[in-house]
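One chain, subunit A, appears in both complexes that follow, with subunit B as partner in the first and subunit C in the second.
So, the complex of A and B:
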């Protein structure tokens, strides 16, 4: 799976759920400190990524480092997929 | 020693109880004695700024031990806590500051707004269990604590004109709600409460007071809140109960039940509030957590936990929001204040010990809410033969997005002075994903549709509004529809330009 596919899905999620256009945010926009998504958004995006890619998060995975920006989040998901999780 | 929040929930503990855990965060445990010491030292740290009796202090911080310590320290000093979520709309913050004229803002992280009032940073050294940048001296003495009728909290809810209104709650009222919750839920010294709801709202804050009243322990999530975090933490910390808004529950119901197996058997109760769940969803939740009771609460910022449904006890009443809690009276009234016959719809009106006695600096608004001696909720309901109340909707345009309720005017106030816009209207439409109940849409009539910059407009809203108020769709329309009497009509706008027409 191409890395861009995970990123595309995340951008799509942010557009569908938070009305963000791709031109408003970048791969390195701070998702949490930049208030792009709120606590409910984290719950939703975890479920969205699990459903979309068949991966599984545990509590330790849902941390500020993995959810810092679109780059870190997509890298985490791609790592999970590579490891068959 | 007078009765008040600090005395009744913390100081009254005996020596054995003081050694029990009161707060857990990651690898840190704070006993009741630790919390009492931190509150005492915090009163010296905060109270040294000035005499706080009757003063308003804005508490702008995320969930954490700092919020709890600061809340008890301010109220012990006779001050009034005005909680604000760190991400709140700029206009809303400005209006709250204008109304309350706070002495200062207490915060933990850098603030994303700047107003002409002092800001005081407040943090705790978890290892040393002391207030940062403080010499450790103790502040207030027990004999100087405030009485039960002293105002302790101003909770702001949405106003229909866009101006938020602040419900004043006294120590007595907050203790009353704590007692009610503790008794109904069945909390005791073994209760372990998982804090996932914001403490800036009565939903989360009163779980803190009720747990401490019961001698239980408050547990903060080990990482960012998510369904996997919830499931893992319930097992890891032997959680007994938590409070949640329906979106979290709706997502929990979409989780593979196998992930919960053998992990949630110690969970005894879930309390749900803020937006309706269907009886089918409650039934599925009871199946998912076979050993937990599910309590559904109906309340307002002005009167928390007015009604509670015990769903295991009353499986045939899952379509209702339960019965009045101790000390609460409910009337289903027509527009003249007459009690409606059983089974017929009317406005839900309340009388209650925990009902606010007024809005801060806004007596006219409070008077307008009192009808024939009863508090008017703006909610439509009906009562059955056994006294159970069903919630049937709103009399007005209040939007409920993910458990956050607000009037369209609170979003519109951010838009009204922007250039290039001739007319506008915000309305709540049903969430197509069926998670948030409603989502806000905005209908815009640009002065010149060909040159209007939607992207700049969207970016401005993203910077100005909290996410639950951010319009999910910006729809350019030729005009805002009017009723026969010439008033803008949200219902007609949704019908003409809403989801079914996109």
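So, the complex of A and C:
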């Protein structure tokens, strides 16, 4: 899967669920610092990514490094897909 | 969940940069706010021979009913608990002095000495307030936990010797023996404890098998086990377990210990964490006051590491001053405001409003007729009372952490803006929610029902908000405070419907929010603004009303509470 496809899907998810904020979000917007995504949002993203790409998160994967911004999140998902998880 | 997701700790270079600018206006601001606290809530006016707040208001013939508890004391909920060496006003004076000294040390010392200074000021202040024996016992308890978890550190030997010395000191201060015998006993026990550490504790924790994990979990869960087993034992033998105050203080920190352990198990703590770094999490001047309320504020290692000097220190401290100033407002006016509202409702509408919800229960059990308005308004205002005290106390504590350079989230963040139960919990008790999420929600969510998103979310939420909240949150809290007895445990367990209703309310809200597309930010000034007000009111009223189940009394039955709940909904059976 092309990296851009993962990113596109994440953008689409944010557009669907956070439309009042999505226009402000770029690849490097800190998703955690300004409560762009709250704890419920994180769980929703986890479930969305798991069902969309078949990847699997464990508790340790939900950290500031992976969820910092759209770049880091898509890199994590792509890494998972490469490793066949 | 933000605890885990908060940004990584600032690098040493960033911390140095954030520590670089000294601003004497900021220092003056901190001094001013602490002096105001000392003037209003301590014996400072007496010691400095200046007119008290009461005297000043009296001169202008101003009387604010309920603001002053008595002639010399303001109605302040800022307490130092479990000590009676001094009066409340002198205890507060010591607290303010310790905070000030810790702030000044933290502000001007280089980064690497700051946390050691905080621990030192804590120990001095705590020792002054509770006495040396209690302080040493508290220290010994934490050193034992440090040794149990971080036995691989290269400096462990020094910590072990320190613990033996501390145990020696505890015995020396505690035992009423002749000097010669005392020394012999103390040296003997200290030596024995060293041997136990060397030949029992060390071998256990150094073995890398499941028993090590079990041993560490047992150590961390000691406070809960003490509460549960102590209450059962009291029921069987009528003998109530008691422990020294130093141990009670460790027990009060059970939630923080659990979060620390979650960090530890998730490899979130450096292997070479120093004993000072460890102690700074549990022994900060910000942890001295009001352990009855929100002892988990500050959370564990990863959260505190993530917010220490993560911004310019002046920005963090100014935010701390703001929070402490808001707390001052709450401390001063909460009782006065609530009593005024109750009197107004009674005089204008003739509705009986009680101060506490349990009074409604008692009156109902005694055969009084209770109206729907009385149930709704009393539970509502009782919850406002709790929120105002909670807001005051936790703002003060978070504000104090901020004065020490920790860019901490408020525990209490405008809960009246919550338009649903999920939001209310985040806004009312942010750090507590993080505790429940990390200790209960995550383990369930990432382990069970992975292919069924709604069931997965519902189960994790119920486990956290109903089970975790009751068994690991409220019960130990109340038992440490009131005494570890069977009857009291049963009294608390009888409030189970509250936890189930709360869990259901939050779970269903969460499922609803999962389905709904969020197109609008709440409290945007548009045609839906009135709906936000209505939802905010309904959320708070529901949260308040379900508390009628948790206000159990000796004589009340589940049926009484259920009937009162229904009366609150307008159904009179």
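In this section, the second predicted complex is superposed on the first by the 81 of 85 C-alpha atoms of A that agree within 3 Å, B and C clash if a C-alpha of one lies under 4 Å from a C-alpha of the other, contacts with A are read in each partner's own complex, and residues count from 1 in each chain.
The working rule: a contact is a pair of C-beta atoms (placed from the backbone, for glycine too) under 8 Å apart; a residue touches a chain by one contact, two chains touch by 3 or more.
Every value quoted in this text rests on a predicted model; they were computed, and no experiment measured them.
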*asked:* After the superposition on A, what does A:24 contact: first (subunit B), second (subunit C), both or neither?
replied: first
_Quick one: is A:43 in contact with subunit B, with subunit C, with both, or with neither? Answer first, second, both or neither._
both
_Contacts of A:75 with subunit B and subunit C, given as first, second, both or neither_ = neither
*Which partner does A:5 reach: the first (subunit B), the second (subunit C), both, or neither?*
neither
*Now for A:67: first (subunit B), second (subunit C), both, or neither, which partner does it touch?*
both
*Considering only the touch criterion stated at the top, classify A:57 as touching first (subunit B), second (subunit C), both, or neither.*
both
*asked:* Going by the contact definition given at the top, which residues of subunit A touch subunit B in one complex and subunit C in the other?
replied: 17-21, 32, 35, 38-40, 42-44, 47, 56-60, 62-64, 67
*For subunit B, which residues count as touching subunit A in their complex?*
87, 112, 198, 222-229, 231-233, 236, 247-248, 251, 254-255, 402, 435-436, 455, 458-459, 462, 466-468, 470-474
*Spell out the residues on subunit C that touch subunit A in their complex, using ranges where they run on.*
1-2, 4-8, 266-267, 306, 422, 426, 433, 437, 442-443, 445-446, 450, 453, 456-457, 510, 513-514, 517-521, 524
*Could you please specify the touching residues of subunit A with respect to subunit C in the complex?*
16-21, 30, 32-33, 35, 38-40, 42-44, 47, 50-51, 56-60, 62-65, 67-68
*asked:* Per the contact definition, I'd like the list of subunit A residues that touch subunit B in the complex.
replied: 17-21, 23-24, 32, 35, 37-44, 46-47, 56-64, 67
